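Per-chain numbering from 1; labels A, B and C assigned in written order.
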Amino acid sequence: MSDMSARSSVLIDSLTLGFSTRETMKHAVLILGAIVVLLPFYVMVSYSLKAPAEIMQQTGGFLGSQEPFRDDFCVKLGNAVEDCMVNPIVYNYTTAFEKAPLVRYLLNGVIVTVSIFLIQVIVALPCAYALAKLKFWGREAVFGLVLFCLLIPVHAIALPLYIMLAKLGLTNSYAALIIPWTISVFGIFLMRQFFMTVPDDLIDAARMDGMSEYSIVWNVMLPTAIPALMAFGIFSVVAHWNDYFWPRIVITGNRDLFTPPLGLREFKGDADGDNFGPMMATACIIVTPLIVAFLLAQRRFIEGITLSGMK
Amino acid sequence: MPGSRAYLWFIGPAIVLMVLILLLPIGIAGALSFTDYSLGNTSANFVGTENYERIFTRTTYEKMFGATFRYVFVVVPLTVLLGLGAALLIHSLTRFGDLYKTIYFLPVMAALIAMAIVWEFAFHPTIGIINATLERGCGTWLEAWDWYAAGCARTFPLWLTDRDYAIWTVAFIGVWQGFGFNMVLYLAGLTSIPRTLYNAAEMDGAQTGWERFRLVTWPMLGPTTVFVVTISFIRSFQVFDTVEAFYPQGGGPSKSVYVMMFAIYEKAIQQNLMGIGAAITVVFLGFVMFLTILQRWLVERRTHYV
Amino acid sequence: MKKLTTAMALALLAGPTLAEDKIVIEFAYPYSHLFDVTYEKILPKFYEAHPNIEVKMRATYESYEDGTNTILRESVAGTLPDVTMQGLNRQAILVEKGIAKSLEPFIAEEADFAKDGYHRAMLDLGTFEGDVHGLPFSISLPVSYYNMETMAKAGYTTENLPTTWEEVIAACVALKEAGVDNPVFWGWNITGNWFLQALMWSQDKPTVMGTDFTLDEPEGLTALNTMHDIFRGCEMQNLEWKAALASFAAGDVGMMFWSTSAVGAVERSMGDFTLVTNEFPGLTDKGPMGLPAGGNSAMLVSTSEDPAELDAAWKWLKFITSGEGAADVARTTGYMPPNQAANEIILADFYAENPTKATAVRQLPLLREWQAYPGDNGLAATQVIYDALEGIVTGEFDDMEELQEELSEEVQDLLPTGS
């Protein structure tokens, strides 16, 4: 924090306006922005606490009345109505965990996102190093290819990819969730930009010491690239943790392979009525690990992008 | 060991995967775009360029290009400017910077499928939080504004289902979701500007904040801006999730939000018309490539980006 | 529950042979939020009757569209389930592509098929190319929903609810005068053509005959004009269905014309008002002459060659569409089973206690097919109709004769040329 305030004082020290007035105005603008940004999150958390009738009619304020309501699912199974009265908060969150086995889905989410990230790094890091630091015939062409691939939208190639995976008999497996993402052109691009800023001397010194190119990548470049990797990691994890489109395409058989966002669909009823309470509870649960991770990583993360030197 | 063949081992896996996972499917799509293949059929007929002709003649596809460009040309400038603005403000703060940073990054992290439902409720024409709030302003000085008075007299807009508003509403959500991403990139760019440059600028007589921004901050952020604009372009051309969440059928009122990615999805996946879906894919790629090359050509004369 | 334990005990007693012979069939259905409870109720009964069959539930489909697309993808991948539940208007595609199997051989083996409550009208909903391919499981019909407190503002009671569209428009005007801003929501957007077919069937006219799109005939113009008059006369807002259901639940909308399947959702989420459902209005005071059935149907898509497995799949198919299995549909959802025996005998008391769900049952004699548009472009044709109807709501199209001409031409263009 201290280095930051030092830097900002450079911007501020000679200002004609009073320090506090200016600072207050900035906060006012930022708070206004924060309100707009947070509005849907406020609604999301609020819905996860309320009863269905309060959600549909948009009544009950933030918390709702918390009066017990009738759980139709329970009644339909033949239980007495008195036994089926539930408290909205308890109902929404327990349903999220029980009806959709959310713990299992979260675990799948972790397995899939972590595997994807590790493989992406193993593939992208050496490639980025070669593109940044090695001179070879066709290097520009390869880099051009990377830039071209950056443009390809996943939705456009979903069906051909599905058919390819199907021919290999890989649908409905972890492999189907991971394989299409093993190559991250964004990762290669980002890491290459980072390696461009690493001084050649460092690599030359390593070569003098007789290190092979292979060990230079993993023993010299990898450690220096940790901050940039963290930046890439957040982007990769956020994208795949929240991905709804692809898992829905490839996971058609076994519910045990669902990733967290697919848990949301358990509560969809389309024109016959969605079950919004548990759905929003699920959404809250899904985003929490990401927020925690971001808070933990954010200092080094921003540092990471900085060093990757988009310059 | 310069001159060794190590690079082959380094770029090899990446190239193989790129070809298999990205280029091969694009190739398949390219081939299918000349056929009438439909999933589940055993064979397909060669139809020549019929699919392409349709794209460029039917009015539906005219709407598709219109919606895509409207979205892109609203979302890209706004996400870039708001990202930059937020980054500048947060960077100059002495306290609470981390808090704002986290808040503004939240939309990037949230699962869009859930947020779309929330927005739908928020934009509900009568009981949604947005119109309900607007209604509270009725009868006050705000009615001096014609638009507001009209809203009070009948109803406030059906943000998501009125063809005059829908695309802008979706674009607003795109901005809401995207500018935090750019803010983080800009914050990183700001952190890397050496302090000495500001001192030097001051010596040269740059007294106001604006002058310092113009002389130091903005030029130093040039490379970041190029990166941010490129990524924003690509991301907003690929907009799909919000459109599918709001308008699972049809692409919005009078097709006003029928963006290209949704068109591909609708044809190839919803309606099983692989041929036409593939043709739109090819056109899409052509467009994005053209724009990217154009943009790089424009900026490369000024910055050493690559 | 006790019965289930007994059955399990029996199964255990019967020894290892049974356990070894256990046949597993795979099954997939849409909308878990709606139907999970139904199958949860049916399964124990099924296991009791067929202890040697195990039904493995696959990931549920998110919607009917998702269901059909998933089956098409799975057919390419060779990972089809044994039994799938498909939207009634999606069956034709699977039959055309040869994925769904004919059920005739199984029906031929059954001794009292008709006595089990399978009647002609029900079987017609799943008959393609002359053979029964699907057994309808849950059926919905368009009905009217009324908020009686709102209706009372314009002097309406359960005695004088509108029975024709003209009366509906008159009611709109009366409600507007009484200060109701949004008197009506008319569910044109249910898959884009269900309500169009409702207006066509109301005049006893199928929307598709062979490969002919019949909108270009006089009945088509009547249908379009009726819609136009409702939207304009009622100044109906173009609401997306989620928003429409929310508006109705909040008491904002007086009359809603929608599928009976949402009764459960509306009852669960509505505010403090009296909900009454009533027959779908008609073009004349005789009421509609027919109405399209919505809902889903069980289809056999197994790729297995094993007669035992196919037989097990058939047993499951039959169990859920007749007797107690079918009755549970009505008990747990807003849908009703098409099965006559289930409706008339098992469920008689149920409907007496749940009048909001009985409306659709009274309309059962009007049951007609929810037609699909033939050929590869069938779904694209649906979309064209959807876009046109939306244009009427938003005011983009005002001249119905012109729209009739354009729309019929464009849709006809997408259908296979009649041979």
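Basically, contacts are C-beta pairs under 8 Å (C-beta built on N, C-alpha and C of every residue); 3 or more make two chains touch, one makes a residue touch a chain.
Since this is a predicted model, take the numbers as computed values, not measurements.
Chain centres were defined as the mean of their Cα atoms; on that basis the chain farthest from subunit A turns out to be C.
Pairwise, the chains sharing the most contacting C-beta pairs are A-B. Separating the centre of subunit B from that of subunit C, both taken as means of CA atoms, is a distance of 38 Å. Centroids of subunit A and subunit B (each the mean of its C-alpha atoms) stand 17 Å apart. Contact of a single residue of subunit C with at least two other chains is seen at positions 63, 73, 76, 242, 246, 250. Multi-chain contact residues of subunit B, defined as those touching 2 or more other chains: 39, 117, 121, 124, 127, 269. In subunit A, the residues touching two or more other chains are 55, 57-58, 159, 163, 274.
Listed in rising order, the residues of subunit A touching subunit B in the complex are 4-5, 7-12, 14-15, 23, 26-27, 29-30, 33-34, 36-41, 43-44, 47, 55, 57-58, 123-124, 126-127, 129-131, 134-136, 142-143, 145-153, 155-161, 163-164, 179-180, 182-183, 185, 188, 193, 207, 212-214, 217, 231, 238, 242, 244-245, 260-261, 264, 274, 276, 279-280, 282-283, 286-287, 290-291, 294-295, 298, 301-311. Contacts from subunit C toward subunit B in the complex involve residues 63, 65, 69, 72-73, 75-76, 93, 97, 99, 181-182, 189, 191-192, 237-240, 242-243, 246-247, 250, 252, 376-377, 379-380, 383, 386-387, 390-391, 394, 396.
By the touch criterion given at the top, residues 26, 28, 31-34, 36-37, 40-41, 57-60, 62-63, 66, 70, 73-74, 76-79, 81, 187, 190, 241-242, 245-246, 249-251, 258-259, 261-262, 264-266, 268-271, 331-334 of subunit C touch subunit A in their complex.
Only residues 52-53, 55-59, 72-73, 76-78, 99, 159, 162-163, 165-167, 169, 171-172, 248-249, 251-255, 258, 262, 265-275 of subunit A touch subunit C when the two sit together in their complex.
For subunit B in complex with subunit A, the touching residues are 1-2, 4, 6-7, 9-11, 13-15, 17-18, 21-26, 28-29, 32, 39, 86, 89-94, 96-98, 100-115, 117-119, 121-122, 124, 127-129, 132, 176, 180, 184-185, 187-189, 191-192, 195, 198-199, 202, 207, 209, 212, 223-224, 226-227, 234, 237-238, 240-241, 261, 264-265, 268-269, 274, 277, 281, 284-285, 288-289, 292, 306.
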